[in-house]
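Chain lettering (A, B, C, D and E) follows the sequence in which the chains are written, and residue indices restart at 1 in each chain.
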Amino acid sequence: MSTIVLLLITGLGLGALYFLVASGLSLIYGLMGVLNFAHGSFLTISAFLGWEVGRRVSDGTWWGLAISAIVGIAVGAIVAALTEYLLIRRLYERHIEQALVTVGLSLATVALFEGIWGTDPIYTARPEWLTQTTEILGAKIPNDRFLLIACAVIVLGGIVLFLKRTRYGLIIRAGVENRQMVTALGIDVRRSFTLVFAIGGAAAGLGGVLASVYYGYVSAHLGSVLLIFAFIVTVIGGLGSLTGAAVASVLVAVLQQFANYYLGGTGDLVVVVALAAVLLIRPRGLMGKIA
Amino acid sequence: DPAAGDAGAPVKIAMLTSQTGPLAAYGAAYTAGFEAGLDYATDGTGTVDGRELEIEWGDDQGNPDTAVAKAKDFIGQGYQILAGTAASGIATALAEQAAQNEILYISGPAAADAITGINEYTFRSGRQTFQDVATAGTFIGDPAGKKVVVFAQDNAFGQGNLAGVEAVLGSKGATVEGVLVAEDATEFTPFAQQLISASPDLVFVAWAGASSGAMWTALSQQGVFDAVPVVTGLGDVATYGAYGEASAEISFLNHYFGGAAGTEAEAAMIEHLEAAGATPDLFSPDGFVAAQMIVQAVREGGDTVDGMIDALEGWTFDSVKGEITVRAEDHAVIQPMYQAKLVQDGDAWKPELVDTIDADDVAPPVAGE
Amino acid sequence: MTDHAMLSLEQIGLRIGGARILEGVSLDVPAGQMLGVIGPNGAGKTTLFNVVSGVVRPTSGRVLLDGADVTRESIHRRAAAGLGRTFQTSSLFPALSVLENVRLAAQAHAGGATSLVRIPRAGDAASERALECLAEVGLEHRAGAEASGLAHGEKRKVEIAMLIAADPKVILLDEPMAGVASGDVPALTEVIRGLHRGGRTVLMVEHHMEVVLGLVDRVAVMHHGELLAVDTPEAVMANPTVQSAYLGEAM
Amino acid sequence: MSEPASEPILVVDALSGRIAGQQVIEDIAFEVPATGVTALLGRNGVGKTSTIKSILGLIERTGDVRLAGERIDALPTHRIVQRGVGYVPEDREVFGQLTVAENLRLAERDAAPRRELVERLFPDLVARRAQRAGTLSGGQQQMVSLARALVNENRLLLVDEPTKGLAPRIVDEVAVALAEAAQTVPILLVEQNLRVVRRLAERVVVLSGGRVVFTGTAVEFLDDEELIHRHLGVHDASEAA
Amino acid sequence: MTRNKTLWLAVGGVLLVVLLAVLPLLAIEIPGVLPGPTYTPGTLQLIAYAMLIAALALSYRMMFGLAGLLSFGHALFFAAGAYGLGMTLDAFGPAEWPSELIFLGSIVVTLAAGFVLAATVGALALRVTGISFAMVTLAFAQAGSVLIRRNPGGATGGDEGLALDIEHVPGALVGVLNTRNLYWVALGVLVFVYLVVLWVEQSRAGHVAAATRENELRVRVLGLRPYNVKLLIFIVASVLAAVAGMGYLLLQSGAAPRVATADFTLTLLVIVVLGGVGYRWGAIVGGIVYTLLDQRLTALAGSEFIAGLPAVLRVPLSEPLFILGTLFILVVLFLPGGIAGIPQRIRSGRASHPAESEEVADA
């Protein structure tokens, strides 16, 4: 029993991390049709800079973590916005090329991070409470999982509210349907593209800082590890569907946990089989719209 | 005397190791150790009996394809000795090249047991997995009737360690169980639970790579250390911080850390390293030994590969870790190993020697027998 | 002979996301007949063609081609069974040459089009046939041009040439005159008449009433997804409902 | 042919447009006077929609386009619209996933949008504020589309086939709404229904094969059977309806 | 005129192949590009490796450029060839058979296995299109990669890779002295793959595949089944990848798990785009340029010159992948036709996008 609770809640925590990466991917794909391979790099650079600043201010305290998170979010947003502005925008509507540019960017940046921060993981400190556990139904749940889940819920709620309640959200939702018409109403839709990249980057940035808490280290490959799962989650959830991504994140992570534990460490294989199965049975994903 | 023919001609030696890529740090330690060893073995001349050692370094990038291509290039240019690499996958590929082309190969820190006795042209300069495992075994006294759980990643390294424990401790009457975790798994909490419920006498952890931090945290959070003694290998300096809370509670087996040996050669190595701005680390002795072996091969073996093999087989010499023997049968490097612990040093952790294990106590069985 | 239905639609209905696109459309087209389909924009004409050709599955009803129920058949099966169509906006393979476009149709008709073994070359049967078909629409001089570079009217003609090459039993033409320069209309009308003359069954959506009236045997009128009337051209033109729904009140 | 009294609101000269690398209109030149409705006529596919889209910068274009004397042919679409150009696209293009209210809110540019005007003109939409626009009937969608243009104070409206696919009764309603709008803002109207043209337009510009082939007053054109036949390919006005 | 042009191209091609074939007998030096004279094993090894990568890229281009199939799993089939041959050589054959027979038999078995794998993966993945297709192929490749690293039953060697068991490999293909022979094998593989690709592209099925890329619905309305054609192309490309993989195993005397990763497929994509998607020889140019660049940039990274630069320049310049990635971005942004498109650009004087792919249409 306690093992199942443990698997479920830690699965939820991992799913939260997947979602933080996938939310940005999904949003960017939904609005702009860009499959962003550089998303993992947004995450990594945010984790590195968040850590660099956080540890200088106050290492291993809540205050330091908060600073790291703020820096991570800001860095993610800025780097993503710059990427959109300098690279993606030039290839307006040429989706394959846009994806290719992000492939190039991810190759180059991972190499650059290795050059700057080295190839070894750098172990990070964190607030005392996060290293402890809380007992639920006999299972000792590491506290950082709760932080992850809370952040993911806040991000999900925040993005949904943003899309539903703000004018920019309105523009983005309209842009997903028909970009030209949004322009024809006198709105600079390109600005909302940059904004969407920035929001996606910010979520990835927060994800990066939290990932460094979860894994206990930062490294140049932090993002690449998560990216592949974020892709899978995005596709299973239905490209462009935020709630789909959320549901799929949790499903995939929990499935992975159980398979890793009970089926001889086959978590990755099971996820891959699940992806293939979902796409073959329901090609547009769990919650994807009809293209 | 075969060497007399071209006395004075330089000997071409190709060193392949990671200068970039995931194992670049190991490569750097190996390289620095090698320079120190060369200096030590040639008394600072860089020559052997008046012959120049022409040493060329290549970057294997942690990629076997690159390594093989470079090796072929070197071999094609007439290099007679090849040495290096920390990656077992690359070492096996290079061993293959050595055999195909009949040249001498002295592998680097790569730990795979398979390299020992792989072919007659291949030697090694470091320890092998078996010696790690055997050192772990020294923590439980007489293994008979004890239960040992191996907690490892489900990859070649982890599987090798499990097999090693089964061979070493299983044969002495211990019950050995493996808890192997998928290499890409990121969540170790449930496995920590599994370790406790198995209630073993010893948990042997064989873990490499970035996820070790999260793994140790999980063990510590779930209270594994309160329930069972835990042994693992102490890695290079960069990993001292990876054990977090658990640092003081783990028993470490160790191949080498700076200051562990206290030999005259070690003092010479540390002096040379520090002069070059480096610090002694896990794989410094491997480079040092490689240099000593190369010098020996050139000095005693002349220009033929068979001569060099003869010169190395069964050779006993003093090195950083003390007296070392290159076993004639399978080229295993018989050497002492260490037990260590981590102690707090300000904000950081540093290793402290607990015990030195005799070379013969941890000598692997002869490969292929 | 001519009165057996080459194409029958039985109570075709189509709903997409709650919207009724087609409703209770029943229609028999005897072999060899040419039927005009008219109706206001959005009446469901193109959608009806899509249902017949298999691009869209109806939510209810059946489609019978030469007596056989093809409602569940895939697009390519129906095409192989002798159903050909054009599209409202011209739909060629833009990066291929005009000849290659038509040759694909000829090969599809002759079989073995997806063979790895056979390499098409100038002078083989399919190429010869493709050139003939191009000649019929007066475009043989454009055989080597890339399809994307054609003028709009020329594209329409290539589409017709592809139809000729595929030699179907039943043809669906969706606004073949749209975008064709007025000077070319009579010639293209003749080409379409020629298509029909071979005994083929033709359904044609066309807003160009002169062409419709000059060619067809009967006219079907669609409005709001329903079939308002199927009758002779004269009777349809005189029908008051048709006048108000399509032709306009002024008539 | 009477010249418009004041400065024209829109002057188009040597305008060419390309879609997917293909020239669809060429060397178009005409003017839209500062008042009333100017109709842009022509058969299917002659380039009416492309002309409108070129003016708005929605397709790749070259040439000289001036709005009240100011060059707009190098501006991005949203800048042109912000200078006071309202657009009612050919196929309504409402945002189907958004509600009616959201569709309108999105279109509001002005500080004081003319919500009352829209509500008065299209009472049906008030009742359906919360309905998703994708579920509206074609006529209702056309209302939304028109309302999106009328909710702002504009200097020029570009309206592309507002009656396309609408039942005759709705056509009348749309015509009434446009007539009212035309009281305050000049309109460039693409329309196939010649009865609507006759009712609304003062001047016509006729395209054929991507070029302007006729400019003049509406009466002058619509009363000339021969002209209509030549340029629109219809025998009489009713057939094109 | 086209006939004449084809003839010239064919003659040029044959001359090029002949030149490449006699390269090991010559002593051509290209400082800065090749590590040594062309007869030296190191240089031959490098060129042979480049040719195999070019062959692989060529097969990838056939899928992506001709049929418009954006696969993220092509590496799987390359790995299937390399590992398949390695594993069969390890395990296969009654000992009493002559070595040559076992070697040939292993090749045949590997090809058959590659075919079955390709048919299975293709049949499933092609049921979806666009990004979904890319993701399903990625998933299968990922599964293959995980399996290889898991080292089931010790068959694949896991992280350490699979060493070639030379017992049944012809002596002429073993050892550095025989690099020359391996070079000829690689050249043979490249020429073979090129001819097959050329054949497929010019066959009727190739034409239908190109048509399918342009307008799938239209193909179906002609009565053809795009699924069949796409599957055919997928299988041919995959088996060709397996052929290149076998060459790789022999050349490297082993296989590393790296060749099964999604990263490796992405590298292929980079190579094809770098060379020019619109051109068959673009893939070859891309494969060769990429391999040489990768090799030379590594040499540059370790050079004294770089070590002497200030950190701002030294750190990025000593990372070959950083330079390659940046170069790739620049090519996509400013050279849409890739390297092979340069002559065309110069001629027409303006940007052109051959085979400009339409928006990836999702199912």
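Note that in this section contacts are C-beta pairs under 8 Å (C-beta built on N, C-alpha and C of every residue); 3 or more make two chains touch, one makes a residue touch a chain.
In UniProt terms the chains read A, E = Branched-chain amino acid ABC transporter permease; C, D = ABC transporter ATP-binding protein.
Everything quoted here is computed from the prediction, not taken from an experiment.
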Handout entry: For chain D, the least number of touch steps when starting out from chain B
Key = 2
Exercise for the section: Could you work out which chain's C-alpha centre is the most distant one from the centre of chain A? Expected result: C
Fill in the blank from the handout: The chain whose C-alpha centroid lies farthest from that of chain B is chain D
Practice task
For chain A and chain D, let me know how many angstrom lie between their CA-based centres, rounded off.
Solution key: 44
Practice task
Determine the centre-to-centre distance between chain A and chain C, using the mean Cα coordinates as centres, and give it in whole Å.
Solution key: 49
Handout entry: Distance between chain centroids, defined by C-alpha means - chain B, chain E (Å)
Key = 36
Exercise for the section: Find the geometric centre of each of chain C and chain D from their Cα atoms only, then give the gap between the two centres in Å, rounded to an integer. Expected result: 32
Practice task
For chain A, jot down the residues that touch at least 2 other chains.
Solution key: 114, 268
Exercise for the section: Pull out every residue in chain C that's touching 2 or more other chains. Expected result: none
Exercise for the section: For chain E, jot down the residues that touch at least 2 other chains. Expected result: 146, 318-320
Problem - chain A to chain B touching residues, read off their complex - result: 2-3, 6-7, 10-11, 13-14, 114, 118-121, 123, 131-133, 140-142, 214-217, 219, 221, 225, 257, 260-261, 265-268
Fill in the blank from the handout: Given the complex, residues on chain B that touch chain A span 20-25, 154, 180-182, 184-187, 189-191, 193-194, 210-211, 213-214, 217-218, 221-223, 238, 241-242, 244-245
Problem - Interfacial residue positions of chain D with respect to chain A in the complex - result: 56, 58, 76-78, 81-82, 87, 89, 93, 95-98, 102-103, 105-107, 109, 148, 152
Exercise for the section: Please give the residue numbers of chain A that touch chain E in the complex, ascending. Expected result: 33, 35, 37, 87, 90-91, 93-97, 100-101, 103-112, 114-116, 228, 231-232, 235, 239, 268-269, 272-273, 275-276, 279-280, 283-284, 291
Problem - chain A-facing residues of chain E, complex - result: 70, 124, 127-128, 131-132, 135-136, 138-140, 142-143, 146-147, 262, 266, 269-270, 273, 315-316, 318-326, 328-329, 332-333, 336, 356-357, 359-363
